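The structure under discussion appears below in the form of structure tokens.
Think of it as A, B, C, D, E and F in the order they're written, each chain with its own count starting at 1.
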Amino acid sequence: METTALQTFTSPVVLFFVLGLLAAFARSDLAIPEAIAKGMSLYLMAAIGMKGGVAVSKSGIDGTVLTALGLGIAASFLMPFLAYALLKGFAKLDRLNAGAVAAHYGSVSVVTFVTAVEILEIQGKPPGGYMVAVMAAMETPAILTGLLLARGMGSGSSSQSTGEMLHEVFFNSSVVLLLGAFAIGIISGAQGFAEVSPFFQAGFKGVLCIFLLDMGLIAARRIMDARAVTWRMATIAIALPLINGVIGTSAAVALGLDVGSAAALGVLCASASYIAVPAAMRLALPEADPGIYLTMSLSITFPFNILINIGLISALATALSGQGAVTP
Amino acid sequence: METTALQTFTSPVVLFFVLGLLAAFARSDLAIPEAIAKGMSLYLMAAIGMKGGVAVSKSGIDGTVLTALGLGIAASFLMPFLAYALLKGFAKLDRLNAGAVAAHYGSVSVVTFVTAVEILEIQGKPPGGYMVAVMAAMETPAILTGLLLARGMGSGSSSQSTGEMLHEVFFNSSVVLLLGAFAIGIISGAQGFAEVSPFFQAGFKGVLCIFLLDMGLIAARRIMDARAVTWRMATIAIALPLINGVIGTSAAVALGLDVGSAAALGVLCASASYIAVPAAMRLALPEADPGIYLTMSLSITFPFNILINIGLISALATALSGQGAVTP
Amino acid sequence: METTALQTFTSPVVLFFVLGLLAAFARSDLAIPEAIAKGMSLYLMAAIGMKGGVAVSKSGIDGTVLTALGLGIAASFLMPFLAYALLKGFAKLDRLNAGAVAAHYGSVSVVTFVTAVEILEIQGKPPGGYMVAVMAAMETPAILTGLLLARGMGSGSSSQSTGEMLHEVFFNSSVVLLLGAFAIGIISGAQGFAEVSPFFQAGFKGVLCIFLLDMGLIAARRIMDARAVTWRMATIAIALPLINGVIGTSAAVALGLDVGSAAALGVLCASASYIAVPAAMRLALPEADPGIYLTMSLSITFPFNILINIGLISALATALSGQGAVTP
Amino acid sequence: MIETVTRKRIEILTDTALVKRVTSAIDSAGITGWTITPVSSGKGRDGHWREERVMGTDKVFVLTIASEEKADALAEKIAPLLSSHGFLLSMWDVQVIRGERF
Amino acid sequence: MIETVTRKRIEILTDTALVKRVTSAIDSAGITGWTITPVSSGKGRDGHWREERVMGTDKVFVLTIASEEKADALAEKIAPLLSSHGFLLSMWDVQVIRGERF
Amino acid sequence: MIETVTRKRIEILTDTALVKRVTSAIDSAGITGWTITPVSSGKGRDGHWREERVMGTDKVFVLTIASEEKADALAEKIAPLLSSHGFLLSMWDVQVIRGERF
């Protein structure tokens, strides 16, 4: 654990995130142009999608893959209920905002996942390539649960905007790009990937550094501006990744996933969306306050996961796998 | 041919283009920021220019190079006449729009060329490095012919705007960047290129993937919005690349170019500009309708070339070269 | 010197800068999107910072490093006095503008430094990695001197804007990014850098090419528009880099720096800021004319340094070091 | 002298995600066109926001020129969404040439 | 109270490629300055367009503030190009400080 | 018919580096909000400038809607900076819905 935590904090990826946080807290004017930040996020999704697809084109799809997919989808559907209960009960949020926030915690953060993969690989526990598909599958179910919670069953929402929203949910740009690149990875395989790997593979960690620098800047600036977030909400933004991480990792180990994949699934459960879900919420629940859901997921949960929780989940996965198996 | 077509469709470059088309048809909100797209197009032109220049710095300039240059320039000057006749006769376009569209089909598409080079290299028929110079030389002559056709000889256009237009034609950014980078490639040679090849060479195919993703999105969105394009125009947008491709390839083989270079010249003839020429037309013929020329060249001809016609032209070049030579 | 000058002009990095100058003088519409240019400048600073940090993590900090740091800081504080005297005396600038321009010449240009490092490495005289820290340390002192000169000691400036300005000076984005990446390089060391080197190291020269293309475009366009710059100011914009370069190089050799580092320090002294200082001046001296200080530093001094002065300084450093040492 | 006529110019600040709601209201008010311009940041009762395209917190201005009558119809349609969707609407008279097209 | 004077503000939507036509009309009308702002997309009689910088289908707003007299001169100059070049022009009265510079 | 009220719309062109001077003047005039939009280039008495983000020569429009009284207070505050800081200010009357929030 010691080495783990230390390795985390000597990785340039994490250090650039810390630099972003510090620069924003010092009120430096350092800023990445929005077009560049958007371009980097598309690059990261295309690259991670392709790499996952190439991995699956080698390993094939077996029972473990289907188990992990099923577990991920179920988690995404169900996690918002717990989040909703805490948000209404403890943080006193109204139904609308509680449902919107819950959707974020059921869904996933691509960058948290990617950072976890980097860290797990350094620790010698690389997750399976199929985990990318699991991640893509976990993006949307939580949105449906969150809307259900926010609006109630017999909601009077116009069917037009529901259709628009469902379309947004299933064809939003991150889902399309992740799954599209995943399919391209499967079709073109290792040979096709070789042609483009200098771009998608060799450049990956460097781009991730600059992207995390930007995320650090944005997360810190947002929390300095935050008005709507109370200490109760902040507490939940720390508690949920801990709880969801433990549940996800334990279930994954219990169902037989390898250490790395179990940790990755735990991280997915622990992470909160701040790209796909906010976009869907703005359309489907425009009355909900982005100042609450973005600040919680991006400014509290995201740094907590990157800096602390990935390390904890990785250690937990190792411990649990060690108990269940003879070989460490 | 079978393997050829198959290889085309397992190449990530082509698959990303297909992904772009599909995402746009599914009305996904996936979009590449405009600044990034523009940056990628500049990168591709700088890289292809340099690579061509380095190749010529090795091979030198000989009779074949001059033949190819002459053939390309002649084709660019002459092809608009055929296009114009078809556009006026068959598609019933007025003189102005027929001339504007004809200019596009006489000029070339850099990205179609680049994609063809990638595919030809996979097929073991790499074109000569000098073809980049041929491409640059083919960009502008067609613009002059197109304007002549659109305005007639004794046109009453003010001499001020003609001067402005001619300047735009010869100093437009793609010509300057392509030829400039070509010259840099010649001057700095293989040794100078080695320093920058990780950027310009290793990253090339990956950037091309993302750029083609964007082109797929734009082409499909444009055709879904298209109002001005009739089925007759659409037919011409398929017929011209076929006809021009056959003419260009045959002439190139007849004049003794190697298979790869002949196919590349065929592809240049078959391709239609959607970067340099639209910009010139907007200045020189502002009354012509971009909804016609951009939709035809970008949304019909471009995908047709990428997905089908490059394969056909490559096969034709091989067949024709096989007839003329003893060695296959 | 002959080979040196020749090598400079066959390096793609310098050739792209020349291409930018020529394209702008020919009034081509070639332009790099602003977001891309900004992104590239951030990339270059992050990369150069990290590389310096990694070098220092290997070599450690010794007396030479501290000497170089002290020399750089002293030069940055003191050089504006000479510049100010010349600007007031010879170029007849008023106090305000003379102070503003002087601040630019005391501070440094990151891209001039980076280009010098590339050229010195080709010539087999790589500067020490710690020179990056020297560069970062030289950015700000000159701003303080320049303001003092512009406003006088007992200036009536409101304390609010002074505080704002000092904050800008010490937390401006280039200082934060350079020093932050430098620290990351030290912490993560060679092993951490290995992960991200395909991005930060392999891509570096290529990005520098495109960035210098843009700088060439901007420098030439600005001088064609220039109204405020007289021939006297232009003369100073050539004289100062010559004088400061000689002073800086000689002092560095005298204090025992190796050839490469002495040349690099000379280049830093010779270079004029056009990123950090203009931003600070706009805040602190909004009445000063950017048309003067940007045109002088960016359109005259910068090209002069890139095309001629780096070569001169390198030769001077070699000559001086040769005199002082037995081994060449 | 060129002849000009008076029309209303309406400008609506909206989240990028909600642009379609605004433009379909414009279309259904029978107005012939609209133009969208980018916005970088702002401050209101809900505090400060910045364009963060990755998170989708970017806003745009939708502007349209129309006859007074159609402009009023549009305002009527948009008014209920002003609070719930965080729109900001202002309108004023402008002179245009070739007024028949608006 | 600060003294203000009334001037005309003219806004012209134009293709990026044709900006120079507009700005030289402004210059030749004797107006002291202009400012260009970006535009992302729009819809008109010719259908929908989007900024596609690679293809050069981007548009901008050119805006200028001038005395009524100069503004009319400009409108006169631009009017013939409105249809053929797809320009969109609107103008209205604004108050400015230091009116002598316009 | 929707009820509208008249407010002043103020638009200030400023260097990006000096935005905070403008927005704090707005805040201290008691105005509830402001919006910033990008600008690409321009020409004035000091010649032509272009957005060059690397050099920090980019400008923006800061726009704010306020009651006449607050708008005048703001103009008063900004006026001294117009020349020294190169600001450009124009204002005009607009109609808004839900006028109580401005």
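Simple rule for what comes next: a contact is a pair of C-beta atoms (placed from the backbone, for glycine too) under 8 Å apart; a residue touches a chain by one contact, two chains touch by 3 or more.
No experiment lies behind these values; they were computed from the predicted model shown.
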Problem - Any chain in contact with chain C as well as chain E - result: B, F
Completion exercise
When each step joins two chains that touch, the fewest steps from chain A to chain E total 2
Fill in the blank from the handout: Chain centres from averaged Cα atoms put chain B and chain F apart, in whole Å, by 46
Problem - chain A and chain C: spacing of chain centres that average the CA atoms, whole Å - result: 41
Practice task
Please report how many Å separate the Cα centroid of chain A from that of chain D, as a whole number.
Solution key: 35
Problem - chain D, residues touching no fewer than two other chains - result: 37-38, 53, 92
Practice task
Would you give the residues of chain B that are in contact with at least 2 other chains, written as numbers and ranges?
Solution key: 33-36, 38, 198, 202-203, 279
Completion exercise
Chain-chain contacts, ordered by label, are A-B, A-C, A-D, B-C, B-E, C-F, D-E, D-F, E-F
Exercise for the section: Spell out the part of chain A that touches chain D in their complex, as residue ranges. Expected result: 34-35, 37-38, 41, 164, 214, 218, 221, 225-228, 274-275, 278-279, 282-283, 286-287, 289-291, 294, 298
Completion exercise
Interface with chain B, chain C side, in the complex: residues 9-13, 15-16, 19, 22-23, 26-36, 198, 202-207, 209-210, 213
Practice task
Please give the residue numbers of chain A that touch chain B in the complex, ascending.
Solution key: 33-36, 38-39, 42-43, 46, 50, 167-168, 171-173, 176-177, 180-181, 183-184, 187-189, 192-193, 195-196, 198-200, 202-203, 279
Handout entry: Touching residues on chain F, where the partner in the complex is chain C
Key = 15, 17-18, 20, 46-48, 50-58, 81, 84-86
Practice task
Would you mind writing out the residues of chain E in touch with chain F in their complex?
Solution key: 1-2, 4, 7, 9, 23, 27, 32-38, 60, 65, 92-98, 101
